[in-house]
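One chain, chain A, appears in both complexes that follow, with chain B as partner in the first and chain C in the second.
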Partner chain A sequence: MALRSRGGWWPALCIGITASILAVYILLVTSNWIYLGWHDTLYFFSKSRMWERFWLTVWTATVSTSFSLFIGIPAGYALSRFRFPCRYLFASIIDLPIVVSPAVVGAFLFGITTRFPFDWISEYYGIYIGRNVYGVLLVQFTVTAAFCARLMKASFDMIPVRFEAVSHSLGASPLRTFFKVVLPMAKNGIIASMIVVWARAAAEWEGLMLFVGATEGKTDIMPFAIYLDWNGGMMGWVTSMSIVCILMAVSAISAMKLIGGRSNVW
Partner chain B sequence: MSGKRRNRTIINAFFYSFAGFLFLYSAYLFLSNLDQLFVTEAAIKTREITDIWGEDREILNQFAGGFWKDPYFWKSLNLTLVITLITTLIATILGIPTAYALSRYRIPGKSVVEILFSSLMVMPGSVVGICLIVMFNYGPLWKLQNLLGFKFAHSIFPGMVIASLVLSFAFGMSAWKATFDSINPRFEQVARSLGSSRWRAFRTITFPLAKSGIVAGIILAWTRAMAEFSAVLFFCGTFRELPASRFSDLTKFLQMDQADWVSVAVWAQVEFGNIEYGFALAFVLVLLGGISVYVMHRIGAKGYVW
Partner chain C sequence: MIEIANLNGNLGEFHLRDINLKVNKGEYLAILGPTGAGKTVLVEYIAGIYKSDKGNILVDGEDITPLYPEERNIGYVPQDYALFPNLTVKKNIAYGLEARRMPPEQINSIVSEMISRLKIEYIQHRMPLNLSGGEKQRVALGRALTTEPKLLLLDEPLSALDENLRMEMARKLRQLQRDVNGTFIHVCHSFEEASDVADRIALMNDGTIIQTGTLKEVMEAPKNEFVARFMKSQNIFYGLSDGSTVKIGKTVLFRKNPFKGDVLVVIRPENIAIVENENNKGQNVFSGKVENAKRKPYFTEIAVDINPPFVIYSPTEKKYNKGDNIIISIPPEKIVVIEKSDS
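== the complex of A and B ==
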């Protein structure tokens, strides 16, 4: 028995640190409810200004997520399966937009939108990408495309290459293998990653601050509106919108866990 | 057979092209801004778009704003590096036991804990900042600060460390937890059955096995702390315009007074109209981030997503 209790301070320390850190994080997440109170929460939730912003966030995040998925699924498959020289260098450059601060990415978008494909698009089709909702979509796409490719790479990494080899040996074409073997097997991972990418797109605001700017009712998606209202000193709006954002993030992650995916690629 | 092979090459090229698109987009995103460093038409155009071109503002009309001559730049870089190192140290000291406990011990409500830490990764930075402000500036913690006589918010030393610690800890912790999850607990059980204590079993068995994952988690936590923007902006703000009397002797001694967090400084300078200066700072951040992500790829760290 004496043998068992020796060194028992280590699990006690671990569990003690875990409990205190959890208390801090739970206080952090719930502080808005404590501040606002039940009555005011109901008041702000019944206002239409809140729900206009909510639906703006939802539709912009959905559109940019679908663009990201279109690029991200094949790119993730390529990154997962193919080996090529200077792989790490290429992968690092692909990952740069998610590794540097998103505010910096927003600043860099100034340069790209005044150059070749974008100035051509705005001239011929009259779609101006900048201080309007297209700018919001571009910021969300830039930040989530590489993120999506990484998550998809993780989903495809979990599938053994063996199944593809068997499918090839039985005479199926590569495209048929991809659609009939790889995609069905990766289905859960792809759906889970899709939810995380959507939540990440809905959480993007730092790039908007420099690149897009505020237009009431047009570009103020919810995380950005928090900043704007905070500058305007409207603490009630700020805290109630924070509650909505926290609920969005938590429900997205819960849905992902329910499906059985992982939010990180470890 | 040769037809099949050609078919396969075409399909591979199809998949490669999407990855190549991402690579080109990302490279073009950063390279197309190189001329913003020079005082050119593009910079003037950007100023017109942002509509903050004021007559009364001091604009540094030279290459990259002459950032290497400006003490503000060196102080900001110093501030950011020192604070991120402190943050990473705290995150490591607190995060490894937490990850170990969450990985090995039976803790009630573990799935709720996992959802909490995972949702921090997709929570908007502004929400994290607002939560910090509301948590520290109202209620019992505010009374505690009044009692102690100093404030957490809008300060360099506790404030910036707290603001960058929130997400840095969450990311590092998830990395270390995944590392401990991947190590078979059986080795430790064998060590304990042979008579070593719990601490010794951790120190001599699990820790050496987890070493590469722990290093990867430390780099991850540091990178995330460097990429922090919103929490610092909300919780600390900018310090450039504050009078020198607001800073303590310690921050003056460490050359950290009247300086900003680098990514906040990028925003402040571009809004201010110093496009060249702001982009020079931004390229410094890109360089640091690129080096750390390359190192993470080299040592085989798999995950860093935010």
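== the complex of A and C ==
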């Protein structure tokens, strides 16, 4: 609901400040694009190095988001609906990766990958989780799983429990109720949350820097590659990849608002 | 038959206390009470949403207290109907049968019959979001009744409807209950609504059932002051009884009663008659002046300044003005005397 529009200096000041924020962002993007120039834009965008990194970012973020959803949906539902011992403690602990810097998550992961179950997975399945793409997935998953559970909780909180009560009264089991009633009703919230989680995974790099390190074409997802190219003084690559990141972010936010707007999660 | 014995429940801020209730098979019971009385909570306990601390719920002699809601076969229609927004009307109605893994042909046949019974063929393929209040109510009833529940719980099912539709839907609800010979518990907070649908009422307050009976029984013989006030008995006075008369204010009423000492006197306004013959000097005949007269749709509400002041309902079209002399007669059998300690 919007207030009736009116003139005067106060609305003008507020709108002016909003416009200036927008102007700063537009200036940031356009000035970098101008710095890069049309010719160089085409050059960098035509290089396979750019698109290899882009696809690495897309698929690792997609896989880690899938794992996060696999954990986040039941965890979010449990936090939203069930009363169990240490629920509040669990809810606080699950928030930790959101509050704690991803660098700390990366450092902690470094300490546990030599222990069970990671050493066991490495020994029996030959899957070493460390300075490779599995490491990227693990960092992205660790950083986003809790975030995902939080968002899922918000999605399930939006659904009144009466629907479940009615479903049960009609003879449906809790599992059937979850799949036939709760999940479809939470669909928009879940999709919107999934996009946010995906964007968060795609933007991760601090944890990666500590735990995985950079291997050209293997672990350097876009934000990480920007950092590495910056250190190497490759400003053309930095600018062009930044523009791709911004386009990815704008697409994710637009999709989130389009779907999430209907879900009332955002 | 549904029997609830000593049901107690603790929901933190709210307690359900010593609920005892019997509902006969095929009976329509209305649970009445003010907001916050615990009507919805009681219904939710019966549905199995909450686990009771003490007491039992028996359905046809079987103790269902430890059962989960999906094992109870008790239908539940909440206030907002809670139609599943992701399913069409037809799918909503079929939901309970699908949960029971019935063969599709059987589901189709039962659902079609229910849709036809409720006269909602024209909306069967629509989504719940696009339905009116009355349509939603019928779909919710259909969904609950297809599974042939042993008891149907209706939590304020008419509250979302406008006045005209409410009366019509109340009639249809009553008819439907008779058609299916179902046992219904209907939560509401107005006794007018209860009178439209119920065989019997149970009055609740503060987490417990205060009185049960037919509407007439409860109106004519309220158990305490709360019931009298809730049932809109407007003449409620504290008085002194000697066993054959009761003194309220400066008025002495002839009414034999088993109490001596402080009592509560309740007289329904419609039980006080206006005497046209000025020579009538019988028992419990008093004269006074009209203090206020308000014309209501079917009667006139008159306040008479006898000590204490009485409120009476006159069903005639006769107009009364402030200051008019009026003679009233109160039949002794219509005076309810309640021992004050019970009030």
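Quick note on the criterion: the second predicted complex is superposed on the first by the 234 of 266 C-alpha atoms of A that agree within 3 Å, B and C clash if a C-alpha of one lies under 4 Å from a C-alpha of the other, contacts with A are read in each partner's own complex, and residues count from 1 in each chain.
What we mean here is this: contacts are C-beta pairs under 8 Å (C-beta built on N, C-alpha and C of every residue); 3 or more make two chains touch, one makes a residue touch a chain.
These numbers were taken from a predicted model, which means no experiment stands behind them.
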Residue contacts with chain A in the superposition, chain B compared against chain C:
B
Per the contact definition in the header, classify A:165: touching chain B only (first), chain C only (second), both, or neither.
second
In the superposed arrangement, which partner chain does A:103 touch: chain B (first), chain C (second), both, or neither?
first
Report for A:173: first if it touches chain B alone, second if chain C alone, otherwise both or neither.
both
Look at A:184 in the shared chain and tell me whether it touches chain B only, chain C only, both, or neither; answer first, second, both or neither.
second
Which of the two partners, first being chain B and second being chain C, lies in contact with A:74: first, second, both, or neither?
first
Can you give me the overlap between the chain B contact set and the chain C contact set on chain A?
173-174
Interfacial residue positions of chain C with respect to chain A in the complex
44, 47-49, 68-70, 72-78, 80, 82, 84-86, 95-96, 99-100, 143-144, 147, 149, 153
Residue positions on chain A within touch of chain C in the complex are 160, 162-163, 165-174, 176, 180-181, 184-185, 187
Per the touch rule above, chain B residues touching chain A in the complex are 4, 7-8, 11-12, 14-19, 21-23, 25-30, 32-33, 35-36, 42, 45-46, 49-50, 94, 97-98, 100-102, 105, 107, 111, 113-128, 130-132, 134-135, 138-139, 166, 169, 174-175, 178-179, 195-202, 223, 226-230, 234, 263-264, 266-267, 270-271, 278-279, 282, 285-286, 289-290, 292-294, 297-298, 302-306
Per the contact definition, I'd like the list of chain A residues that touch chain B in the complex.
3, 6-11, 13-15, 17-18, 21-22, 25-29, 31-32, 34-35, 71-72, 74-75, 77-79, 81-82, 88-105, 107-112, 114-115, 130-131, 142, 145-147, 149-151, 154, 173-175, 178, 196, 199-200, 202-206, 209-210, 213, 222-224, 226-227, 230, 238-239, 242, 245-246, 249-250, 252-254, 256-257, 263-266
